[in-house]
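Presented sequentially are two complexes of subunit A, the first with subunit B as partner and the second with subunit C.
Entry: the complex of A and B
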């Protein structure tokens, strides 16, 4: 490696690569988020120490309830903080340890159920919160240790599947062991958090989400973030990285590989269990299905989108995905989101690329033409019910919305748009540009006529798509370290 | 004794379905060293494709063509749909990641699985679909059949078991007696060396996905002939198929067949015999027992019964 002299290279700090980091690797693993034009700005932003970013971020989050009076939005913010915590925990196992843990949500569930059993009328136990939270965290960490044990002998895919079985086992037990877990009906009337004086922290004021829980969650978030940060900057963190990059080499260098794996599992599980207590205390009930595959995929999407291995990245991932899922719940908002994202994306890309600009223009015209033809042939094709509001009216003039769509239209259009989009990725040149126009229009048609009416599968389809597209196009996510292969 | 025969027949039917799913896992794992998480959902799509064709042919009560042709057409259609789906998944979700770290295609596979399950729910809703062949001629397919002791083995069961057996024989023939099969075995043994010997790896992998997914489609129809299907069975069916593959030793074709049958028997006997005051009841908790067996097996012999232990060379 003759090119190891760092000409004009600056890593995150002025002092060069940190201990335990190869200079050459650091340079090649450098991730650019902004275009090259703004590189100096990005470098300066990256030079700001992490605690300053954290203070700024949490400060802004604390001010959020002041500008936002709606209880619903505040509760979404709370949920987002929960997801940020979960993503931080998963990041320890997947991002730092490199262990694919598909049983992660089970720890979230274990935390919630443990808190529910310790503080509810179910058994009549009402431990003070200052006692029950540490107990739950310890239970979570122990469960993490137990699930970590298979990682001594199994790696990669096998480990992934054993952890998935653990999740399934947790699911089976919580659903069927009615005496203890309440079965599918869950455990109800869980106590909210209590202050040391015996005062209960109400979860709602006049039926509206109590903002104090948002602050509790944020405080816990700060503690967890800093603790994990320090852990990662310590010897242990470096050892985890070596484990992730090459377990065999790490073992050969004398790393206690097995203990490192256990520690990663236990730390992740403890964070998840802690988050579980927050969930149980706020909502006051736990059900088996809250801790299942959907939640798992959601957290994975956050971690992968933000960039696994990077704390700021996974928090960003949660900050994007959690509100996105909320917005997609509502047909009107999700319509606006789709068309603004589509138009904005095309306009942004089209500014520098004339072909994309032409495709965007052609799509716009194509839509009006198709709409006009459809109306001329049969008015029923465009007579579908638009949503309320001016935006929906506008969209209604562009996208065909049949009044009584035949039953075959939805499957055919849906499969058709997927096939067309996949086809576009294998075509090239002018043919692709031409094919893209009707594909985009068909996509808009499907979104308007098929997806909007069924938000639940539609939201999850978006999640699945994000995962696949990310893995194919940008596996290191928005802020993640790029993996460098040294041969 | 009657109960034993009944449970054995049940186990055999269930086991042949599991074996067919497990074969898909094993084939793909053998060639790509990839755990295809989406396989269970391909199976689920197969059950729906079969249901759609059954409706097109006039439904179970009065089909427009003879009943044997109905069953064959339904199976073939499900196999074709699944094969096409498998090829698309391989081409667009796995092939771009072939040289990525091993964690990447796994996550992509999770995404595909989630995407498929929810797409099917979007299009067809959560209502269960019942093939309901009992409606045909007042239940002929169920009431007639072989009599063993005091038990009647319904015709439909016999057909299912035979069909699975025939498919496995065809697969064995394809893998062991054809040129493409030889290329598959070579690729599975050492992909790089196979590529250097002039084997078109991409073609082999596509062929593998066609085989595996088509088997999943057939398994889907056989499964749906027994019990109603819905959009969320993919996850659990995928897990069961994977267990079967692991029991037999993932990567080994006879292993997957044996593993499927073992799992089928195990589940059937657990549901039939494990009852007691102090232990979890078998009918409700069979999954618990099965998963525990698997976790223990993976810890102590994760290469399975017939698999090769993976030796790491540094």
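Entry: the complex of A and C
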């Protein structure tokens, strides 16, 4: 088996050496996700059709709330599905259309606000859900068409600035137009989804998150995923990707580029608006700040991390980032995550590289030594609050954690670790290896003493670090296709 | 009747006249070569015909109707297609998709029909896939077989040029504009492309306007040759006539100041 090449590269050899044969380029283009010895496995995995993966994934997701009855976990799962939908929508504009749309979250907001105005006591309108959802989707798509107009003349960073301004505009309007949007206090008591019989879909059963919303969101996700997938494999999808690759050539080959740009913006916006209705119906309220930069950056992170342009990739990105952000809220869990990632990373790299293995070992020893010295000098230096669980106890014997850290410690340590990391990049050889040891330890110190006490900014810093590392290792994202730069 | 007519077409960038009062007529079924030194305005001429630039004066008629002021994609749908001097393929799309994407203008399925995979939409997909197969098989096995599904960036330079021609013909044009089809090719590939352009006319039935620097190619294919210099037509006629024209020789080689003295 091993000597027969998958695509029959040698079969053309019978014609003899011909001009313009480029087998080696073709072979070079074979992308491997897994190491060579797992190649048969990878081939089998690739042979599984996409709908089988989707069924498997959705099936597992449906079982999830049955296995895990915690309302909190269900809520996180629901939020993750929302993010998966948002990532799918953004993938249309950015991944396929190649249009850098930084106003995307505004459509999410427009959808949520539109649903809130159509189904709440705010104006006393209570449209049936089967009417209001299509109306909201159309409103979202129309808003997308309007924002698409600047893309006729602007591309790249210029378009990004204009769309970013649109997001700011949405923010300003929702915050200040108190009569309509309720200003910073938002709109409250929004209706949950209603079934055609007049029955309301309760958002909670006995104070616990109602599973029905998770299923509704999943159903919408499946519909959107399949619809976009089919669209991508059609005339419009091909035209979108042509537009991303080369707008001038696309136009010269008979594709109405301007119309296609509007279509991409409108499709993305429609998906975002649809997701907005889910958000508003479940939480029962909308506030301007729910649809702002943090959400925008989170969705972009998912799309880039998973692989822009690949539907399964962006879903995977959402599936990783959304629960990760939740885990990082909790100091104990994020501590485990941090040290497992740090230790795991060093162990993985050290497997092949003896120097890294030595650095890792030295760091471990260094920590215990520093900890012992600090304890001998003053017990208060290591008496900081350990978290719950055995893992925290273990970490507590390694990292210094002062009981009452001085005010200057946090900024100094923070700046110190960044400076030390930068210094390590300019050093080389054994000096760098030696300098790396205290740098890693200082990083752990900052994590334990500074970042864990403020989880909210810390989790985004961690997210940023993950993104940087992944972009260095896999510039096209986890499942992104190998891309060549278009010059 | 002439398929393409340019009457007194001018275009300037600032004070520079790139194309100056140009008249050009191409008959149905003809192969016309445009030659001239670098900067003579040859590619600008193509950009004018395909609607990327608008002429400041003059009129461009295709099949008797003026196409000035139309969008490039509308002009393409009327039946003018082109290749680019600097290759402009959809590099991250497969060979098949590159060709199928160019069928946009003569297909109809909208968003809703594509999402629902209606029978009409699926029939249309099968048709353009068949069309893509036909257009690519024009180049023998070079773009067929396993290459069919491969991304365009994995192709060699010569195959990219071939794919561009295949993509241009997928729009079902009547007039094909080829911008330096033999650029960067080795002698035997150049020979192949020369024969291919003849086949495109004879078998494909396209009228062809071609920019080319390689005089062997120009000699081999042209029914008529037009020489441009500084946006002005300096000679027109058979290859022998143009190649021996004093103005053309001067444009390429400069004035022979030694002998004129």
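Methods note: the second predicted complex is superposed on the first by the 437 of 487 C-alpha atoms of A that agree within 3 Å, B and C clash if a C-alpha of one lies under 4 Å from a C-alpha of the other, contacts with A are read in each partner's own complex, and residues count from 1 in each chain.
The rule is simple: contacts are C-beta pairs under 8 Å (C-beta built on N, C-alpha and C of every residue); 3 or more make two chains touch, one makes a residue touch a chain.
No experiment lies behind these values; they were computed from the predicted model shown.
Q: So, does A:227 touch the first partner subunit B, the second partner subunit C, both, or neither?
A: Second partner only, subunit C.
Q: Where does A:257 make contact in the superposed view: on subunit B (first), on subunit C (second), on both, or on neither?
A: second
Q: In the overlay, answer first, second, both or neither for which of subunit B and subunit C A:411 touches.
A: Once the two structures are laid over each other on A, A:411 reaches subunit B alone.
Q: In the superposed arrangement, does A:239 touch subunit B (first), subunit C (second), both or neither?
A: After superposing on A, A:239 lies in contact with subunit C but is clear of subunit B.
Q: Would you check which partner chain A:157 touches, where first means subunit B only, second means subunit C only, and both and neither mean what they say?
A: After superposition on chain A, A:157 lies in contact with subunit B alone.
Q: With the two structures laid over each other on chain A, which partner does A:248 touch: subunit B (first), subunit C (second), both, or neither?
A: Touch partners of A:248: subunit B and subunit C.
Q: Once the structures are superposed on A, label A:472 by its partner contacts, choosing first (subunit B), second (subunit C), both or neither.
A: In the superposition, A:472 touches subunit B alone.
Q: So, A:267: does it touch subunit B (first), subunit C (second), both, or neither?
A: After superposition on chain A, A:267 lies in contact with subunit C alone.
Q: Could you give the residue numbers on subunit A that contact subunit B in one complex and subunit C in the other?
A: 248, 252, 483
Q: With touch defined as at the start, can you tell me which subunit C residues reach subunit A in the complex?
A: Listed in rising order, the residues of subunit C that touch subunit A are 50, 52, 71-73, 76-77, 81-82, 84, 88-93, 97, 100-107, 109-111, 114-117, 121, 124-125, 128, 141-142, 145-147, 150-151, 153-156, 158-159, 162, 167-168, 170-171, 186, 188-189, 192.
Q: Under the touch definition given earlier, write down the residues of subunit A that touch subunit B in their complex.
A: 94, 98, 100, 102, 150, 153-154, 156-158, 160-162, 164-166, 168-169, 172-173, 176, 248, 252, 293, 297, 300, 304, 410-411, 414, 422, 425, 450-451, 454, 456-458, 460-461, 463-468, 471-472, 475, 483
Q: Within their complex, state which residues of subunit A touch subunit C.
A: Within the complex, subunit A touches subunit C at residues 7-9, 11-12, 15, 19-22, 25-26, 28-29, 227, 230-231, 234-239, 241-242, 244-246, 248-257, 263, 267, 481, 483-484, 486.
Q: Would you pull the subunit B residues touching subunit A in the complex into a rising list?
A: 29, 33-35, 88, 91-93, 96-97, 100-108, 110-116, 118-119, 121-124, 235-236, 239, 242, 246, 280, 284-285, 287-288, 291-292, 294-295, 298-299, 302, 312, 314
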